[in-house]
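The two complexes that follow have chain A in common; it is paired with chain B in the first and with chain C in the second.
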Partner chain A sequence: MMEKLLLYLSRPFVYYALIVGVLIALCSSLIGVTLVLKRFSFIGDGLSHVAFGVMAIAAVLNLTNDMLIVMPGTVLCAILLLRTGQNSRIKGDAAIAMISVSALAFGYLIMNIFSTSSNLSGDVCSTLFGSTSILTLTSTEVWLCIVLSIMVVLIFILFYNKIFAVTFDEDFARASGVKAGLYNLIIAVVTAVIIVLAMNLVGSLLISALVIFPALSAMRLFKSFLSVTVFSVIISILCAFLGMIISILAGTPVGSTIVAADAAVFIICCIAGAVKGGLRR
Partner chain B sequence: MSLINVEKLSVGYDGNAVEKDISFRVEGGDYLCIVGENGSGKSTLMKTLLGLIDPLAGKISFGDGLKKNEIGYLPQQTQVQKDFPASVYEVVLSGCQAHFNWRPFYNAQDKKTADMFIEQLGITDLKKRCYRELSGGQQQRVLLARALCATRKLILLDEPVAGLDPKVTEEMYELIKELNDRGTAVIMITHDIAAAIRYADHILHIGDHIFFGSREEYINSDAGSFFLKKQGGDEK
Partner chain C sequence: MKRKMIAGILMIGVLTLTACTSGEGGAASKINAASSGVEDVLKAGLEEEEKKTLSTPDPTSTPTPIPTPETPDTTENNDEPGESVVIPSSEGVDVDLTMLSSTMVYSEVYNMMYTPEDYIGKVVKMNGQYSYYNDEASGMEYYACIIQDATACCAQGIEFVPDNPEACPEEGGEVTVVGVFDTYMEGEYMYCTLRNATIL
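So, the complex of A and B:
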C-alpha cells in the first residue's frame, strides 16, 4: 500500500491535486467560521449553485479558461445575494432559494441543449460532485489557486479583528465607526472566490460541507474566536488531506471522501464536546 | 457646548416617522433616561443617535470634542451572540476598534485600556471564559466594558437590565451610577420609571406627549405624574 502511495506521489498531477486541495481546505475553513456565525451559510450554498449555472454557460461557449467567466459571474451574484439577504430576512431567504435552484435548472438545461460533449451525464456529474477534475489540473490552474489562496489568507489576517467585530455585533461595530457594509462585501466576495476554487475539489453540491463542517466541529470544542478559527483550519486541512489520500488508494470519488471525513470528525467533536461538558458538571 | 444637541428630530424607518419633534441636550456628566411606552420609538431614537439609521428631519449635533463614532453603545442582546464562541477578552478588546481608522491590529495601548475596564467592572476572573457561558448579568458587564473601551465620554444603554433578576438589576444600576459619578455621561433607555427617577438627572419622555427636563420637573409634570401613577398602580 505504501508503495502504491509513493508511486502516485511521484506523479505531478497527484501532488498538484494535494497542494490545491490543502489550500482550498484552508481558505474555506477560514471563511466558514464567519459564515456560520453570521447565519450566512445559505449564501455559500446558493453561490455554489450559481457557480454551476455559470460554469454550464462557460462550457457551452467552449471557453478554454472558464475561470475567466465563472469567477466574475459568481462574485457578482454574491454581492446581489448579500443585498437581498440584508433587506428583509424572510424575503431574502426565498430569493436565494429561487436564484440557486433556477441557476441549477438552467445550467443543466443549457448543457443539455447545447452540449458538444459526448458524455453529458459524466460532465454534469463531475461539475456537481467534482469527481476527477482535481486530478486534471493544469499548472496554470494550480498557480491561480495558489495566488488566490494567498490573497484570501492575507485579507483574512489583515481584517481579522474587523471581521470579528462585524460578526459578533454588527450594530456596535457600525456605531463605533467600523464600515460594516464594506466588510460584509469583502466577506461575500471572498466567499465567492473560495467557492469557485472549491468547485474543482468537491464539486458544487458538496462545497457547503467544506465551508460549514470544520467551523461547526471546532465550535463544539473551543470557546474563543481565535481558537475556533485555528482549529477549524487544522480540521479542514487534515480532512482534505486524508480524504484525498484515501480516495487515491481506495479509488473512491475525491469530493465525497473528503466530505465523509469532515462529517466523521464532526461526530467525533460532538461526542468529545459532550464528554467534556459532562465532566465539568 | 453640549455633548449632543438634538433639535426637532424626527425618527423612523423608510420615511414613516415613529416620533416627531424630539429636542433635547446632553451635557458632559449628565444622566439622561429615555422613557415611554412600547413602540413609542425609543430604540429607533437610539439607533438614529448612533448613526445606524438616518434622521428623517431635524438635526443632531455633536460637540465638546465628541466625535460621531465615539459613543459607547450597550445594545440589546442579539440572537447571534447566544452561541458565539468568543472569550470575554476578545469581546472587550473589540470595543477599541472605535479608534482604529485603518490600523488592522490592536496595539499595547488598546490592550491596556481593555484590561483596565475589565478590572474596573470586576470581571477579571472571567477574562478567559467564553462569553456565551456567562450569566445575563456577567454578559452585560462584559458589554459595558466593551462600550467603555470605545469611549469614556458618553455611553448609550438600551434596556440594560432586561431579563436580569432583581438583585443583579440593582447591581447593574449601581455600576452605571458609579460610571456616571466618574464623569461618563449616560443615556439610558428603560421601562423602569422608578429607576429612572431614582438615578437620572434628566428625563426624556416620548410617546403622545414629548417631555424633556430635569427629574424634578418631570415628577411635577402632567406626563410624568400620569405615567408614575400608572406604573405604581401596576406594581402594587
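So, the complex of A and C:
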C-alpha cells in the first residue's frame, strides 16, 4: 500500500492535485462558516449551477479561456443573490433555487443543442461531479489557485471582525457604522471565486458539501465563531487530503470520496458533540 | 479608508487573476480536451463511413497511423503538468498503466496526451477497451485502446500499430498492449501512437 502511494506521489499531477485540493478545502471552509450562519448554505450549490450554465455557453462558443465569462457570470449572480436577496420580492432561498435550476437546465439544454463534442455525457459528468479534473491540472492553474487562496485568506483575516459583525447581526452592524453592503459584496465575490475553483475538485453538484459539512461538523463541538472557523478549516483540509488519497489508491471518484469523508466526519462530530454534552450535564 | 483600499486591491487582484488562466486552464476547455480522444476520431470516422457507399477495401492496405487525441503544440506550451515520467514495472516496461488504479490510469493517459514529449521512446503497457475502424475510402486501419475514468463517463485512448493484428479481440473487448510511445504530425496536429505494439 505504502509502496503504491509513494509511486503515485512521485507523479507531479498527484501532488498538484493535493496542493490545490487542500487550498480549496481551506478557502471553502473559511467562507463556509459565514454562509451557514447567514442561512446561505445552499448558495454554493446555486452558484455552481450558474457556473455550469456559463461553462456550457463557453464550451459551445469554443472559448479557449472560459474563465473570462464563467467568473464574471458567477460573481454577478453571487452579488445578486447575496446583496439583493434580503430586500427583493423573491426571498433568498427561492431566488437561489430559481437561479440554480434555471442555470442547470439551460446549461444542459445548450450543450445538447449546440454540442461541439461527441462525448456529451462525459462533459456533463466532468462538470457535475468533477471526475478527474483535479488530477489534470497544469502548473499555471496550480499557481493561480495558490495566489487566489492567499488572497481569500488575507481578505478573511483582514476583515475578520467586520465579516463576524455582518454574519451575526447585519442590522446591528449597519447601525454601528459598519458598511454591511460592502462586506456582503466582498463575501459574494469571495464565495463565487471559491465556487469556480472548487468545481475542479468536486464538480458543481458536490460543492455545497465542501462549504457546509466542515462548518456544521465544527458547530457540533465548538460554540465561538473563531473556534468553529479554525476547527472547520482543520476538518476540511483533513477530509480533502484523505479523500484524495483514498480515491487515488482505491480508484474511486475524487469528488464523491471527499464528500463521503466529510459526511463521515460530520457523523463522528455529532456523536462526539452528544457525548460532550452528556458529560457536561 | 486604508482597509477599503486594501479590499479594493485584493478584489481586483482576485478577479484579474481568475480571468488570466491559460487557454487550457478552464474546466470547460479541459473537459473538451479530455473528451476529444480516439473515441471522437473513431466516431467521426464511422459517421463518415455511414455516409459513403460501400466499396471493397484495399487488400494491400497495411496498418497505418491514425489521428489520435489532439494534443497541443508542445513547443508553445509551458504549462506541462509533469516532467519526465517512469512508472517502474517488470518486463522492461517503462510506463505500466495496468498497475494503476482507474482514477490514476485515466489521469496518466491524459498527461500522456497533454505532455507527449515526456513519454516518447518509453515502453508503455496498457489495458482497456479495444476499438477498431477501417476507413474503406483510404484503406487505412485504425487500432486503439480506450481507457475510461472511475465514473466511466470520460474516456481517453491511445492508438497503436500492432505487430500481430490477428491477435486483436472483438470490437469492444478487453485488450492489453505493449508498445513504444511516439508522436507524429499530421496536418497541423500532433498525434500519439504506440509503435511496434504487441497484443498480449
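Note that in this section the second predicted complex is superposed on the first by the 274 of 281 C-alpha atoms of A that agree within 3 Å, B and C clash if a C-alpha of one lies under 4 Å from a C-alpha of the other, contacts with A are read in each partner's own complex, and residues count from 1 in each chain.
Here is the rule we go by: a residue touches a chain if its C-beta (ideal position, glycine included) is under 8 Å from a C-beta of that chain, and two chains touch if they have at least 3 such contacts.
The structure presented is a predicted model; accordingly, all values stated were derived computationally and were not measured.
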item: Superposition on chain A - do chain B and chain C clash or fit; value: fit
item: Chain A-centred angle between chain C and chain B, computed on Cα centres after superposition, in steps of 10 °; value: 170
item: Partner touching more residues of chain A, whether chain B or chain C; value: C
item: Contacts of A:Lys223 with chain B and chain C, given as first, second, both or neither; value: first
item: First (chain B), second (chain C), both or neither touched by A:Pro12; value: second
item: Partner chain in contact with A:Met151 - chain B first, chain C second, else both or neither; value: second
item: Partner chain in contact with A:Asn161 - chain B first, chain C second, else both or neither; value: first
item: Contacts of A:Asp169 with chain B and chain C, given as first, second, both or neither; value: first
item: First, second, both or neither for A:Phe42, with chain B first and chain C second; value: neither
item: Shortest CA-CA distance in Å separating chain B from chain C in the superposed model; value: 5
item: On chain A, the residue positions that both chain B and chain C contact, one per complex; value: 158-159
item: Residue ranges of chain B touching chain A (in the complex, touch as defined); value: 47, 50-52, 68-69, 71-73, 75, 78, 80-81, 83-87, 90-91, 94-95, 97-98, 100, 104-106, 128-130, 133, 146-147, 150
item: Residue numbers on chain C that touch chain A, as the complex places them; value: 3-4, 6-7, 10-11, 13-15, 17-32, 34-36, 39-40, 43-44, 79-83, 85, 87-88, 99-104, 106-108, 110-111, 114, 149-151, 153-155
item: Complex interface listing, chain A residues touching chain C; value: 7-8, 11-14, 16, 55-56, 58-59, 63-68, 70-72, 75, 116-119, 121-127, 129, 131-133, 135-141, 144, 147-148, 151-152, 154-155, 158-159, 182, 186, 189-190, 193, 196-197, 199-200, 247-254
item: Interface residues, chain A side, partner chain B - complex; value: 37-39, 158-162, 164-165, 167-169, 171-178, 219, 222-228
